[in-house]
Amino acid sequence: MKMLINVPETVVADALRGMAAAHPELTVDVERRVVVRRDAPVAGKVALVSGGGSGHEPLHAGFVGPGMLDAACPGEVFTSPVPDQMVRAAAAVDSGAGVLFVVKNYTGDVLNFEMAAELAEDEGVRIARVLVDDDVAVTDSLYTAGRRGTGATLFVEKIAGAATEEGAPLERVEAVARRVNERSRSFGVALGACTTPAKGSPTFDLPPGELELGVGIHGEPGRERRAMMTAREIADVAVEAVLDDLRPTGPVLALVNGMGGTPLLELYGFHAEVARVLGERGVPVARALVGNYVTSLDMAGCSVTLCEADEELLRLWDAPVRTAALRWGL
Amino acid sequence: MTETAGTYGTEFFVRWLEAVAEAVEREADRLTELDAAIGDADHGANLRRGFTAVRKALEEEPPTAPGAVLVAAGKQLISTVGGASGPLYGTLLRRAGKALGDDPQVTRERFAGALGEGVEAVSRLGGAAPGDKTMLDALGPGVEGLKVSFSAGRDRAGEGAAGTVPLRARKGRASYLGERSAGHEDPGAASSALLFAALAATARAEAADGTRTDGEGAA
Amino acid sequence: MKMLINVPETVVADALRGMAAAHPELTVDVERRVVVRRDAPVAGKVALVSGGGSGHEPLHAGFVGPGMLDAACPGEVFTSPVPDQMVRAAAAVDSGAGVLFVVKNYTGDVLNFEMAAELAEDEGVRIARVLVDDDVAVTDSLYTAGRRGTGATLFVEKIAGAATEEGAPLERVEAVARRVNERSRSFGVALGACTTPAKGSPTFDLPPGELELGVGIHGEPGRERRAMMTAREIADVAVEAVLDDLRPTGPVLALVNGMGGTPLLELYGFHAEVARVLGERGVPVARALVGNYVTSLDMAGCSVTLCEADEELLRLWDAPVRTAALRWGL
Amino acid sequence: MTETAGTYGTEFFVRWLEAVAEAVEREADRLTELDAAIGDADHGANLRRGFTAVRKALEEEPPTAPGAVLVAAGKQLISTVGGASGPLYGTLLRRAGKALGDDPQVTRERFAGALGEGVEAVSRLGGAAPGDKTMLDALGPGVEGLKVSFSAGRDRAGEGAAGTVPLRARKGRASYLGERSAGHEDPGAASSALLFAALAATARAEAADGTRTDGEGAA
């Protein structure tokens, strides 16, 4: 697989240089790998900080800005960032109102954010933490590291970000973030593997005529390999997997997310099938978002994330946001 | 620097970590391949980045005691690796280093005990137990072996790593695969085996230099 | 190549159903393949209509909305739409102030829009037309169908759209659109071919270790095949090809565009190199946009488009826009 | 319907277009492959879509004169094909149909003349000349051959299509490839050859039916 890169070792630094050049509204510390909204710290506002391995763009740095994240800490490709990054980010964005870390549930992210929280608290920053674990493909949490954090991260960051802009105190922001996570579930499908710069070839072998059900966003194989399916069939499987776990009683936010290598044309066609299943199951869609938001490099495939909405969550979802990748109302 | 027979000083631990760095460099692609099969294909790159930083740090600011060597190395790993293995290996070395205190010379047995504390800290931090198909499956047996000899440490760690092949992972990314994780060696266990292999090799080289009298050179 | 589709024949209709479901702010006629902003016709406003083959999403339907297009007409994949679509679109959006067709310079698009213009004029709609032809890889226009329309289409549609919102009459909107096109040039590179639903396999064979320079956005091979290059080298070639033709004397708008299959991480890294070359050549970047905007299905690769800006163009570029894929200030 | 020897009525033209539809169906993948090499891999799908619509339209609203058949078919192509070939083939048939007027029966020579007007219209619309590696390179010779016989039309069109292989394209998408367009048959020329092959086959079948006396059946 060919990549549009210089050398694998500088991929993340190069991308940060590019972000710095493209987005004057962000402060990008290329050396230390911290992306901060330019006007941080915002007086009196709780700050939202996230981060994780690179390769999921626009997540997280593409979501830094008014109404969403105050800072993002990109790690190496598919490797969680190191504590120093989060400590530095927290120091840069804390106005005194405290910082919420949004952490996707992977061992590496959990451990590194945990160490960072300790160090930041030593420096006098109040830290709260929310774990995102929405992926229903990982079921048996007794025998696993627990459900993975995937598409719901976008919902958590958008909605918690809106809460910080409304002036909610740290505990409230944390509670809202946790509520979003608890009400969100995802399921992912791969039609092809992705290629990491370090490995330079696809992370797994997926023969023509087969797909992987229940994949995450790190190029790992899924829970099950099946004969290739139509968009209609994939939507049936993915949406039912999510609904069987979530059992929403009201309208949902829907994210039909591309893994990076699937054309938008196909994603919209897939969304039509997702909307159809939801209609058949009597689940109203309050808001829908279709696009490449939580990606896995150039992986072909998609995921479906549903979040059971309520009035407060919808209001916060609709609130203005201005970031590189998500923008409305501002 | 004078060396007491049967004890190991700052230099030895620096040489050990250099040997680990070389082994990681040499084996990085294999570690990444192992991680590609049941993880996310970065373990080799992660450790290479980490041990390159360790080596640089030890050169630039040479610590003056075995414990300080390990603590400095652990901090470097935490600050440069990321992922699951960064905090875990970092904690392993920091904790072992702290257990050694300021002593300028330590025995193999003493080091095995300190490393054992490190392994316990790793287990607490990551919440994994033996048999979960993680680095612990090589680290634990490795420490047990080390209590006997450097070469036993190497052998037991290697066996531990090989023994992860049939296991089903319960921690880390590999656990997402469920049954499909069986049939592959755990990358972290494989790198842990490298740690003990490098340790045995360092001890052997030391013995060959004639500075050692505890028979490790022949092991 | 596996695709997230039902059957090749319904790909475009399926995507339009998905757009309809995801975007209540658009009126989507799935049967007749016309996407119209819901509040059209806007009284007194000149209307902007574009269209072209599908497979370039978000272009064009993703650019329908206040501040940009009034309607889009998606054809089959890589096949220009038929005149009936543009006639219907023009009728739906014309407020009496006339309609500007934005046409990418491909034989099929030119002919079909031409026929549509005749038919629409017969129905009493005033039609003007601007051809977009920015691709410097097609040089010798005596021996070709002329330069292709690629990335500059986004600049033309955004800026002309802003002009229509300001109340400019048809002639002025047309003149502004033409000016944008005349001041814009692009160059595209492919690291891999794309797979069309109809063919089901890559449109050309690109061995590992090679790339295509000077590609368009329809899966056609480029002008030249070369040994694989680094992002740095590709930026040198692409930017110099554009600058040698454009020779800007002032600041530029820069679009670093992904072809669909290249991760955003890599695109940002590439943008860093583009910004570097521009810096070395003394060309200031007034505004930059990085992302997948004018794509070629799942093609791996990128293009660089530069538009020599002036005060008016910058003002119109910065004016509010609210579409599915491009949004700011609204 | 009575038929005059040496002339062709509505039915014949309907059968011809049905034969084209079948040929396009059969050859769609080949046409798309040709287009993949120097274009955008859609020519087969485009024409299949168009001629399926043509067939359906002719069934649902059967025209009552040869000219009306061609005009209806041309309109369908314009309304359903898109791309370059839609307006071009649509114009070809519409123009030829208009030239035939309302005549219920036309001779081969008359049809050749009408098709010649269609070809001129295609050339004006697309701005291409013979040798530019387009459908014109098969259409032009095809019409010349048709003046002699149906089978000559088929042969000359086929030769014309084959003759596009070494040419460098100057019109349409293939022109973007410059020199690299040489060495491939033009997809539009290939489909134009199908038009004439279907015409000859239709005439031959007609002759075999015994309704023809102009000897085409043996050609």
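To keep things simple, chains are lettered A, B, C and D as they appear, and every chain counts its residues starting from 1.
The criterion applied here is as follows: contacts are C-beta pairs under 8 Å (C-beta built on N, C-alpha and C of every residue); 3 or more make two chains touch, one makes a residue touch a chain.
These numbers were taken from a predicted model, which means no experiment stands behind them.
S.K.: Farthest chain from subunit C, going by the mean of C-alpha atoms per chain?
M.R.: Result for the farthest chain: B.
S.K.: Please compute the C-alpha centroid of subunit B, do the same for subunit D, then give the distance between them in whole Å.
M.R.: 75
S.K.: Can you give the whole-Å distance between the Cα centres of subunit B and subunit C?
M.R.: Roughly 54 Å, centre to centre.
S.K.: Provide the C-alpha centroid distance between subunit C and subunit D, rounded to the nearest whole angstrom.
M.R.: 33
S.K.: Residue numbers in subunit D touching 2 or more other chains?
M.R.: Within subunit D, no residue touches at least two other chains.
S.K.: Any chance you could list the residues of subunit C touching two or more other chains?
M.R.: 77
S.K.: Line, ring, star, complete or other: which one describes how these chains touch?
M.R.: Topology of the interface graph: linear, an open chain of contacts.
S.K.: What is the complete set of touching chain pairs?
M.R.: Chain-chain contacts present: A-B, A-C, C-D.
S.K.: Which of the residues in subunit D end up touching subunit C in this complex?
M.R.: Per the stated touch rule, the residues are 32-33, 36-42, 44-46, 49, 78-88, 125-126, 168, 170-173, 175-178, 180.
S.K.: Touching subunit B in the complex: which residues of subunit A?
M.R.: 8, 53, 75-84, 106-108, 111-112, 114-115, 137-138, 140, 143-145, 148, 196, 198-199, 203-204, 216, 218-221, 223
S.K.: Spell out the part of subunit A that touches subunit C in their complex, as residue ranges.
M.R.: Of all residues in subunit A, those touching subunit C are 1-7, 10-12, 14-22, 54-55, 57-58, 62, 77, 191-192, 208-209, 211, 228, 230-232, 234, 256, 260-273, 275, 285, 288-290, 292, 295, 297-298, 300-302, 322, 327-328.
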